[in-house]
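Both of the next two complexes hold chain A, though its partner changes from chain B to chain C.
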Partner chain A sequence: MKTVILTLTNPPELMLEGQNITPDNVAGKKAAEIAALDVWEGKQKSALGTYFAVAGDGGATAAETKIILRGDCTRVKRIGQQMTAGEIVIEGNADMYIGGWMKGGKIHVKGNVDSFCGIGMEGGELVIDGNAGHHLGASPRGEWRGMQGGLIRVAGSVGNDTATFINGGTIVIGGDADIHVSTHGEGGTVIIKGNAKGRVGGQMVKGNIYVYGTIENPLPGFQMVGEVEQEVDGETATFTHYIGDLGERHPTAKGKTVYANLYTRN
Partner chain B sequence: MSELIIKNGFVVDPLQGIKGDRMDIGVKDGKIVETGTLSNPKTIDAAGMTVMAGGVDVHSHVVGPKVNVGRLFRPEDKLFKSPLKSPTCSRMEMGFSVPSTFKTGYDYARMGYVFVNEAAMPPLHSPHVHEEIRDTPIIDNAAMPVFGNNWFTLEYLKNNEIENNAAYTAWLLRATRGFGIKVVNPGGSEAWGWGLNCVNIHDPVPYFDITPAEIVKGLIETNEHLGLPHSVHLHCNNLGNPGNYVDTLESLKLAEGYAPKNDFGRKQVMHITHLQFHSYGGDSWGNFESKAKDVMDYVNAHDNLTVDMGQVTLDETTTMTADGPFEHHLCSLNHLKWANVDVELETAAGVVPYIYSPKVKVCTIQWAVGLELALFSKDLMRTFITTDHPNAGPFTRYPRVITWLMSRAARDATMKTFKWLDKTIDATSIDGIDRELTLYEIAQMTRAGPAQALGISNTYGGLAPGMDADIAVYALNPENMPSDPAMIEKAFSRCAWLVKDGVVTVRDGEVVAEPAKRTVWVDVKVPENAQVQRDIYEHFLRHYSVKLDNYSLFEEHLHNPRVIEVDATE
Partner chain C sequence: MPKKVENVGCPYCGVCCDDLVVTVSDDGKQIIEVENACAIGNQIFHHATGGERVKLPRLRQPDGTYKDISYDEAVDYAAKVLYNAKKPLIYGFGSTNCEGMAAAAKVAEKAGAVLDNCASICHGSSFLAIFDNGYPSCTLGETKNRADVVLYWGANPAHAHPRHMSRYSIFPRGFFTGKGQKSRKIIVIDPRHTDTAQVADIYLQVRQGHDYELFDAFRAVVRGHEIPEEVAGIKREQILEVANIMKKARFGTIFYGMGLCHSDGRNHNVDIAISLTRDLNDYTKWTIMAMRGHYNITGPGAVWSWQYGFPYCLDLTKKDIAHMNPGETSSVDLAMRDEVDAFINIGTDAGAHFPIEAVKHLRKHPWITIDPNICMASEISDLHIPVGIVGVEVPGIVYRMDNVPIQYRKVIDPPEGVISDEELFERIHKRLCELEAEGAAKAEIKAAPAGVRAEE
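Right, the complex of A and B next:
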């Protein structure tokens, strides 16, 4: 695997649209060619090299390419958008849409990220050591085909509207989640190891949510059906099991109605 | 103004019966002229290319409130689907199935179209319709107000007061700057206000106690009494359901015994739109099948009818119609988002996204039904290409529809992608049809025919001297048609040249100028009618949420009008 190091030496005045910073776009390119990739500051297009010092060449394919971003990328958006393979390490913070529509590969952010990270995700892994903003792993606005697969792991807390319309994949949140989790979900799993604020699983059809802490305002559309012991994210624990959202339509499989499951840890 | 000569092209103009002769077309002051009258024209070399009149779309949903709801509630229709701003256009473009107004105008122009008839204007919201017409560049627009569920219409027709209904119709056309009489699910959208529908033409409307059959016949009589340029334009009852061809045939029979009365060259008394959605057999989705042959046999035998296809294009699209109950029904089938509105005394509407997938049997049968309608047609001057944009697919797929009609190989290639090919072949006739339409027939279906049916063939749809200089040149040589059907699609997607009102508007598929567009509407003079005046006053006093004085379109909403005047005082 070859490594490309991008160091933000000349920070943008506005947000920088960095959707070209992916192993797919960098693969097969020399440092100078990478520096010539398009980025946008507002509507002004310029070269990546205007803002970043580029060291190292890309690998032959995306899978053989690793990108390391240094410097304060708090205002660099869309890193790793639509990437299919390879690796990105962001050594500090990053802005919105990190790993959006990602299909494969791995992104590791050592700081915090803003909203819309991992939206429309289809595969791969997005690991955030700090906190994430709103709409983590959610569907893009208006879209009913949300997260399809892959893994998002946030060590800290997240904002609201996590995993809207989730269809598959897993989101693990180490801290707390604000309102709206898995709204309209039709598959996938969200694990909240801290507390959830409320509206957890609203209009959910299928899929699983685990909350280890408390839910400040649980929804009336979920009904307790019993207690279960389950292994979740490598540890076994007992959970209270609820099904819902009873106000929503539910499919049948093998003659039985399929509900979404909400588990709270005992 | 400048002069143009379009030289050496193969001219295809069904209105004049010109079938690909090598001719020159002269343009002066925005009109087509005899080439001998030109003094110093600029030359467009059309050698080896096909020259047609600018395209005319008889039925498309491009402006107004429900279109805009589609735009607003489908941001995902723009995501990764919007082009970067063209350097030669003045405005950004967005969206796929419900494009922005700007993209709508540009894309129609790129395909060589110059006139688009907005198929459903809710009268109360006509200001919004006209504001969007103004914002849709290049193409001339007309808009048809909906009458089939209007309280005035229902009351007059129940009492068989054709003259009063005609006076009201004339008033509403003027109030909305409308073009003609649109009828959507007659009675059914009013019934929807009660949570009901009219699923066949004998199903009475709640409270009004009039049947869809009586509404349609009454509106045909009204239309011919007034002598409007266009005929009644009908979206039949029971759209989209297995077995509905029976209801469709009954609806078609309503026109029997009526003859067109107008001064505009129109030959039909009823236009039936998106016929594909109404030509289904079977009694469930399991035994769903095509009845296109039965329906077209009837249409072929009755020359007082015109139809358009409503061709399914196998895309993800956005359905939108004044057929409120249908959209609710559709939403309960696909569980996607649904918008619904009731427009007071006039109409209703719904919007639901829909995916016509080549993996779904019903969708691929629908695809075949649409093509069969055209391929079974014996008169393509009465059978028009539409996708009921965006209901069965976006209008930007017309070039693909043309290609399917012109090429059996193109149809076969698409059918190879079907998951349920054998079942589709069993349920339809498409695999047994070898017919390939000619460029002349395509010109009939996309300009000459629609222009004649709309009653505007003195201005649009042809290339005779005196007509608007709206000319599309396609990079297709009729003497040497490409063997690869994809080249046909490419040529019709991006015309080589479009001249609109004498201005070179598109060149090599790119919009290079944005000449002034027009709003075409119909102003009918009728005798003074005190009763109708009083009825209008009373209804606005008692039932409308707006005052009469605020209802009619204000002059400033009307953009660059072209008025078609009709005198119905005799």
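Right, the complex of A and C next:
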């Protein structure tokens, strides 16, 4: 695996759109060619090298390419957007859409990220050591097929609208979640190890949510059905099991109605 | 002889009353009387000729005062600001006609700007819900002629849309609603006991910020499930009673306002209201409608959706791709995140409506206000360009809150020399094309507007 190090030396005045910063776009390119990739600051299109110092060449394929981002990327959006393979390490914070529409490979952010990260994700792994903003692993606006697959792991807390329209994949949140988790969900799993604020599983059809802490405002559309012992993220524990959202439509499979499951840890 | 102009549209709120009769003086310069309008509608007409109007664009001087300049100079200034900015923002359009909105979109596209309208801080969340969940709506005429149950949720038309209840929802006698108010059940759901709640048959005081839970409870009940004894401050019996009334209605309409769009969850509150409307259609006919605020704030949604496929928060910086994602491309977020470097405020007052922090961020860069009147935005701008008042001095198409287009007329001429929004944007567009063609050296052009920034 070959490593390309991008160091932000000349930060943008506004926000930088770096959708070309993916192993897919960097693979097979020499450092000078990587520095010539397009980035945008508003309507102004520039070369990546205007903002970043580039060291190292890309691997032969995306899978053989690793990108390390150094310097303060708090104002850089869309890193790793639509990537299919390879690896990205962001050593500090990053802005919006990190790992958006990602299909494969791995992104590791050592700081915090802003909103819309991992939206429309189909595969791969997005690991965030800090906090994430709103719409983590949610669907893009107006899209009723949300996250399809892959794994998102956030060590800290997340904002609102996590996993809207989720229908596959897993999101693990180490801290707390603000309102709206898996709204309109049709599948997938969300695990919240801290507390949830409310509106957990609203309008949800199918899928699973685990909350280890408390839910401040539970929805009336979820009904307790019993207790279960389950292994979740490598640990076994007992959970209270609820089904819902009873206000929403639900499909039937093998003559039985399928509901979404909400488990709170005992 | 004073002249009476009939069937005049009111350029104030989203009810778009088009039955006004305006009496104009002999010389066609003064508005003498306005009939049929409510108090606020009346005011907008009298205001036009009542006081002193700004008749020329005004440019901020180094000493902080404004100096009158010509329209040509103002057009040149605006075009250069747009041309030089990396990401200019053009926001407003609550009070102009569709012709002006279309011309502004041409400018935004040419300039690579973000184009946004007041929905961004108003009913924008409704659009997001509609994208996700559809819009089983109707026209106001259908509600008037058919509805026997009307539900206002988080809306207070008694103050915000004064003639809504008398023209369309509660009081009028329609084709199938000949007994007027007597044939209708009125339900109001609001955390505040508003003046609209006063005329309701049933009032539910939902706990502020918990509308979503109450909708969820209604939906569960409509599907025959059990719910807890109390949800969002409302007793189960009351929820069951209202759900029953809704199921038994012949035709119902949910009118909702800022109470849903701007409390926690925003689009999701509207989204679940749409889901409830859909559920109720398993039993009878139910419809839902956003109580849009200004008379033509529905307009930009219609015009720009037709032009670009999106109703608001349009990022046109890439010119050949329209990108929309509120939270990122919405005006207040752009301002708070320091993501724009020039601002045009048109037909609204961002100075009064935006959070003060957002205003402070925007004020770091050139700020141009296009508005017939003096407002907070015009007073903190670098350039104020006056225009004619649509619906009073400028005719044009407006969209009523139910997406019905109405041709507005003018009753008097604008003050001498004052042009319309449409003409202004056409001229800015022309100047932008010239600048582009000249390929003028950036630094040179940038130098022109310097040194004339307003005080913080």
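Brief remarks follow.
Going forward, the second predicted complex is superposed on the first by the 266 of 266 C-alpha atoms of A that agree within 3 Å, B and C clash if a C-alpha of one lies under 4 Å from a C-alpha of the other, contacts with A are read in each partner's own complex, and residues count from 1 in each chain.
Just so it is clear, contacts are C-beta pairs under 8 Å (C-beta built on N, C-alpha and C of every residue); 3 or more make two chains touch, one makes a residue touch a chain.
Since we're looking at a predicted model, the values are computed, not measured.
Overlap between chain B and chain C is detected when the two structures are superposed via chain A. In the superposed model, A:G130 lies in contact with neither chain B nor chain C. Of the two partner chains, both chain B and chain C are touched by A:P140. Of the two partner chains placed by the overlay, only chain C lies in contact with A:F116; chain B stays clear of it. Considering which of chain B and chain C touches more of chain A, the answer is C.
After the shared chain A is superposed, the part of chain B among 333-341, 387-395 or 531-539 that runs into chain C is 333-341, by C-alpha clashes.
The contact surfaces that chain B and chain C form on chain A in the two complexes overlap at residues 140-142, 144. Residue ranges on chain A touching chain B, taken from their complex, read 140-144, 249. Contact residues of chain B toward chain A in the complex are 73-77, 79, 335-337.
Residue ranges on chain C touching chain A, taken from their complex, read 85-87, 111-112, 128, 131-132, 210, 212-213, 215-220, 222-223, 225-228, 231, 264-265, 268, 271-272, 275, 279, 317-319, 324-328, 337-341. Across the complex, chain A meets chain C through its residues 13-15, 40-44, 96, 115-116, 134-135, 140-142, 144, 160, 165, 179-180, 183-184, 198-199, 202-203, 217, 219-221, 223, 245-248.
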